[in-house]
Amino acid sequence: MSKGNAIGLFFLGIFVIFFPQIVTDNYILTVGIFIGINALVAMGLSILMGYAGQISLGQAGFYGLGAYVSAILSLKFGLPVPISVFISILTASLIAVILAIPSLRLKGHYLAVATLGFGEIIHIILNEWGPGGPSGFGDIPPFSIFGYTLRSTVEYFYLIWMFIILAMTFSLNLIHSLTGKALRAIHDSELASVTLGINITKLKIKVFVLSSIYASLAGALYAHYVTFLSPSGFSLFYSILILMVVVIGGMTNIWGAIAGAIIITILPEILRGFKEIDILIYGLILTFCLLFMRKGIVPLFIEIWEKRIKK
Amino acid sequence: MTLFLQFLFAGLTTGSVYALVGIGFNIIYNSTSIINLAQGEFVVLGGLMMWFFLHSLQLPFSVSLCLTLLTAAIIGLIQERLTIKPLLKKGDLLLMIMVTIAFSILIRGILMFKFGKDPYTYAPFTEGEPIEIFGAIITQQTLWVIGITALCIVLLYLFFNKTMTGRAMKACSLDMKAARLMGINVSKVVMLSFLISAVIGAIGGIAITPISLMEYDKGAMLSVKGFCAAIMGGLGKSRGAVVGGFTLGMLESLTAGYIHSGLKDAIALLIMLFILFVKPAGIFGKTEILRLRKF
Amino acid sequence: MKNLVKASLLIITIAIALIFTPKDSYCKEPYKIGAILSVTGAASFLGEPEKNTIIMLAEQINKAGGINGHPLEVIVEDSKSDETQAVLAAKKLIEKDKVLAIIGPSTTGESMAIIPIVTQAKTPLISVAAGASITQPVQERYWIFKTAQYDTSAVEAIYNHMKNKGIKKVGIITITTAFGDAGRKALIEMAPKFGITVVADERYGPKDTDMTTQLVKIKSAGAQAIINWSVGPGQVIVTKNWHALKLGIPLYQSHGWGSKKNLELAGKAAEGVIAPLGRLVVWDKIPDKHPQKPILKKYVSDYEGKYRSEPGTFGGHAYDAFMMVVEALKKVGPDKQKIRDYIETHIKNWPGTGGIFNMSPKDHCGLDMKAFEMVIVKNGDWEILK
Amino acid sequence: MILEINNVSKSFGGIKALKNINFSVKEGEIHALIGPNGAGKTTLLNIISGIEKMDSGDIRFKNISIKGIPPHKRAALGIARTFQNLEIFGNLKVFENILTGLYLKNQKGFLKSGITLKGIDKDLIIQSFSILEYVNLLNKKDELAKNLPVGEQRLLELGRALATDPHLILLDEPAAGLNMRETKNLSQLIQKIRDEKAITILLVEHDMELVMGISDMITVLNFGEVIAEGEPLMIQKNPSVISAYLGED
């Protein structure tokens, strides 16, 4: 991990610890929780897009899978929550492998296509066979570990942001390792990468599995925090929302996932006044970012900052 | 038998629209390797604009038709010039797929702003009683939908095989570099492919709206289904999309009819994934070595 | 100089005008009520009229001097038809705005998502969604009420009508959303009680374009009638397909059918469609002496005057919820526990737009099948069946 | 013989790009592959490195058939290459480009990479610097690769190939776009690689001066066929080679 990132993580940690002490407003903390959940899903997609050069349109599928599997295991089978969360992640990553092997063996956009189909299938399955069908189900046990049950908003805030920091550390380590360089290489030229002995298929599969792990973990945390699930939150729309988070935040820097999540989660609150044109505004922002701010916010700021230092 | 025939007709109706969307995907894919995920939005655009000209402005049918197609063509043009052209040079396909998603959200936003969330419909092209064939019933509008789709297919075939421009576009799809060397204006071809795809989508929307109503957010579903059709037939093969579209419509209808209606969407997607994994070049295509792409 | 005089004169005039403007009794602290409604998103057809209704009613009350001199402050949050957003909105209303009661959410899913939150915060919630699970089991739903009729009541009304007509076999076709799913469960569950068999159970997606396959299958399964349970374009497409196929068996729709818009879209295909509808939709056709009539008349004409569109059944649910809270506030003041108790015990024989409510500790909805009239479409208009 | 090409054929949509190619490369030599445009040189390099599949024939590397082995495994066996249309990793820094080459022999597991805090080993970075020094790019180590001029990008590709610690390097027109001085430096570098590192080099090149100056052996391709083979002096005198080149001009 580079020095700048280590410092960044340190400050993020400090911030997370003290934020709920300063801001005691439960509403803002709840917003913080949802930012965290979205950021976790986006982080996986960011590595997949920015480093493996692949796009997934089915992150909502993994997110939903994580949420439902963990909720069902803990509610219907009475498994302890951490174990059901773990199994849900395992399930998601297993499915990711099954999905990735055939589609990543092919070149081009086949992962985009396969994940799009996968996401929709999960949505249909949740609708047809999920507990409660389209109406959803509640009474999911809250998160508990070693006999201690998390109840307050602050506790969930800490829980989710703890996972973010862990995931962030892992991701940053990975990116700054030799493997990370190989991943960047794949993004720039697959042709050159293979001739250097980089097994691009294997690396891409691993990154895809990583993204599914982050998404399913986020889903499981969501399930045990809200304690109610219905299929509507796990549709193609959510996959595209996460795509927006990554694009706006900047896919070549995983801090972008957090920045993007903050923007996308808070945006609806700001747009409350524009209710009839909110979709339009989403579209405009996304188009604008893709055309004129391709790098996204975080890399853009880093660039500006570096330029200033040079002066 | 009657039952089977009835399911078949239902499959043909939805299959027609899937086929038209699928063809749109292919035309653009061939000239740019982009998957234009805004394709379904043009179907919605067609239906809603047709309603607008017919009912809001009270224009005659033929005028409304022309104006609707013109609108779709212009929007298609705008999409290409504004969002695709600046990115095409960069050659970043990932970015271009995303920008089509962004554009689809944009169109959806504009349509919602203009039309709200209500569904719209207008009278079928010809008034009259449904027709009975061996006990199965088929409405006149359904015949229109199928007929118009067939007409589109024939016209496109003639265009791509008999006209200079069409041939140039075909050449482009085979080998863009070679086409450029041969003096074909690739930029124009790309523009034209977006324009044609937009118009084809709109035609589908105009034809289907009297049967199925149209509302601002129907496009995403149509994009996904049309895309399934294109994949089933082999991405890039126009004939494939037609067969893929009708097969998909039929499969959905037969699944709903003989297995269960709750499963029909899942079946379509599962078949798509299956084809993707087992025979990525589509039902008819030969599996070729897909070249490493430079991102 | 002249300008200065003019300016100071103007200021003085404004100041005087301000001082002597009759105050809307703003000397007392306002009562805060929250509302979480799906103003945008998939369920906006519910949230939109609900929001309009609440804003209109709040204006009327404040104009009339508020509640016991307290102005009423209504904070409407848009949940965007999304459970996550509903949770956020509930947190905000409770923690930040400290509202006395919450009206909404518009859908069953969103209501279920926020039930744990309002229960923990001991805040009365009057949902405007239909799902039975919102208020049942009632001992776990101490703080929760709802004003939308039970799906089961609508089913009861339909089956009752069928029983009288001698229909024994039905085919059902439902949309794969929470609304359709709740209807489907109720239809299957309650059929035996009325001696009815469900011979076909078909479904379709919210964006499907053609349902002939499902309808033909229902007919071929030997059904004597079709029941469609959906809201949105689906119910019109089913109607059109049913008409085109000339199936020769009657089509029943759910209580979601009650919008003039559906009749416009379906045209003559809608002729003969039967549905259980709240009296709101057919208010001009019910007898004058019916206790709901004056309320409905005023509400519908006020709404149409202000918004140039029909309020629909859903706007009515918000009306009832709002008026219950207002009445409670009037009688017991700003105390969450007392508001809850008042609604549970004192809303008796209470005419609203959705029916005549009878709340009790055993029933936090208070409506039954008598809330519905069976209505048939005739000549492009509703007609109440006797 | 480090590399043996036996009866390799390849056609693209009916056009035969390579017809029964036979030749071998001796260990420790600079072996040039020349011929007019469209003779099939790059196709052959692609087939050797595994990016394209041959239709028939066999390729043996260090006496093992590498037929059907995927490209990344061939790299692991010791085949490295550069590209005619530069395939550097433009968004990586110069020394990071070298690191991607070092990945092959120094990779760690995915999981281990994620939990190792200290990042890339110091040793590897030092190693990358020494490779950069070898190809004369050390002063540019922190620049983004895409900002380098073409000549230096070619050197960078060569350095990156060296980083995989290969036995055979395939060079695809390394002098294209270079000026006289750069070409001269390049030829010295190529010879240095052969002499100091004992790496065999298969060179595709149009610059005859360069080819004749450094090659130990030359194979001439025309229309997908080997038309001559031999030492530089012999090739220069070969009438069929002359006519092939004259025919082109």
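For reference, chains read A, B, C and D in written order, and residue numbers begin at 1 within each chain.
As a working rule, a residue touches a chain if its C-beta (ideal position, glycine included) is under 8 Å from a C-beta of that chain, and two chains touch if they have at least 3 such contacts.
All values derive from a computational prediction rather than experimental measurement.
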### Other chains in touch with both subunit B and subunit C
A
### Between the pairs A-D and A-C, the one where more C-beta pairs touch
A-D
### Message
On a CA-centroid basis, which chain has its centre farthest from subunit D's?
### Response
C
### Query
Looking at mean CA positions, which chain is nearest the middle of everything shown?
A
### Centroid distance [mean C-alpha coordinates] between subunit D and subunit A, Å
41
### Query
Centre to centre, by mean C-alpha position, how many angstrom separate subunit A and subunit C?
36
## Note on the structure
Between the Cα centroids of subunit B and subunit D the separation in whole angstrom comes to 46
## Note on the structure
Separation of the C-alpha centres, subunit C versus subunit D, in whole Å, is 73
#### Entry: Residue numbers of subunit B (touch at least two other chains)
220, 262, 265, 292, 294
### Summary
For subunit A, residue numbers touching 2 or more other chains are 128, 187-189, 191, 194, 276, 278
### Query
Listing for subunit D: what residues touch at least two other chains?
51, 87
### Message
Which stretch or stretches of subunit A touch subunit C in the complex?
### Response
25-27, 30-31, 34, 127-128, 132-136, 138, 153, 222, 226-228, 230, 232-233, 268, 272, 275-276, 278
### Query
In the complex of these two chains, what residues of subunit C are touching subunit A?
39-40, 42, 77-78, 80-85, 87-88, 91-92, 94-96, 108-109, 112-113, 115-116, 131, 133, 176-178, 180-182
### Residues on subunit A engaged by subunit D in the complex (per definition of touch)
1-2, 170-171, 173-174, 176-182, 184-185, 187-189, 191-200, 203, 206, 210, 252
### Task
Enumerate the contact residues on subunit C facing subunit B in the complex.
44-45, 176, 202-205, 207-210, 212-214, 216-217, 220, 232-233, 236-237, 240, 244-246, 261, 265, 267
### Query
Which residues, counting only subunit B, touch subunit C once they are in their complex?
3, 6-7, 9-11, 13-14, 17, 117-121, 123, 130, 137, 139, 208, 211-213, 215, 217-218, 220-222, 253, 256-257, 260-262, 265
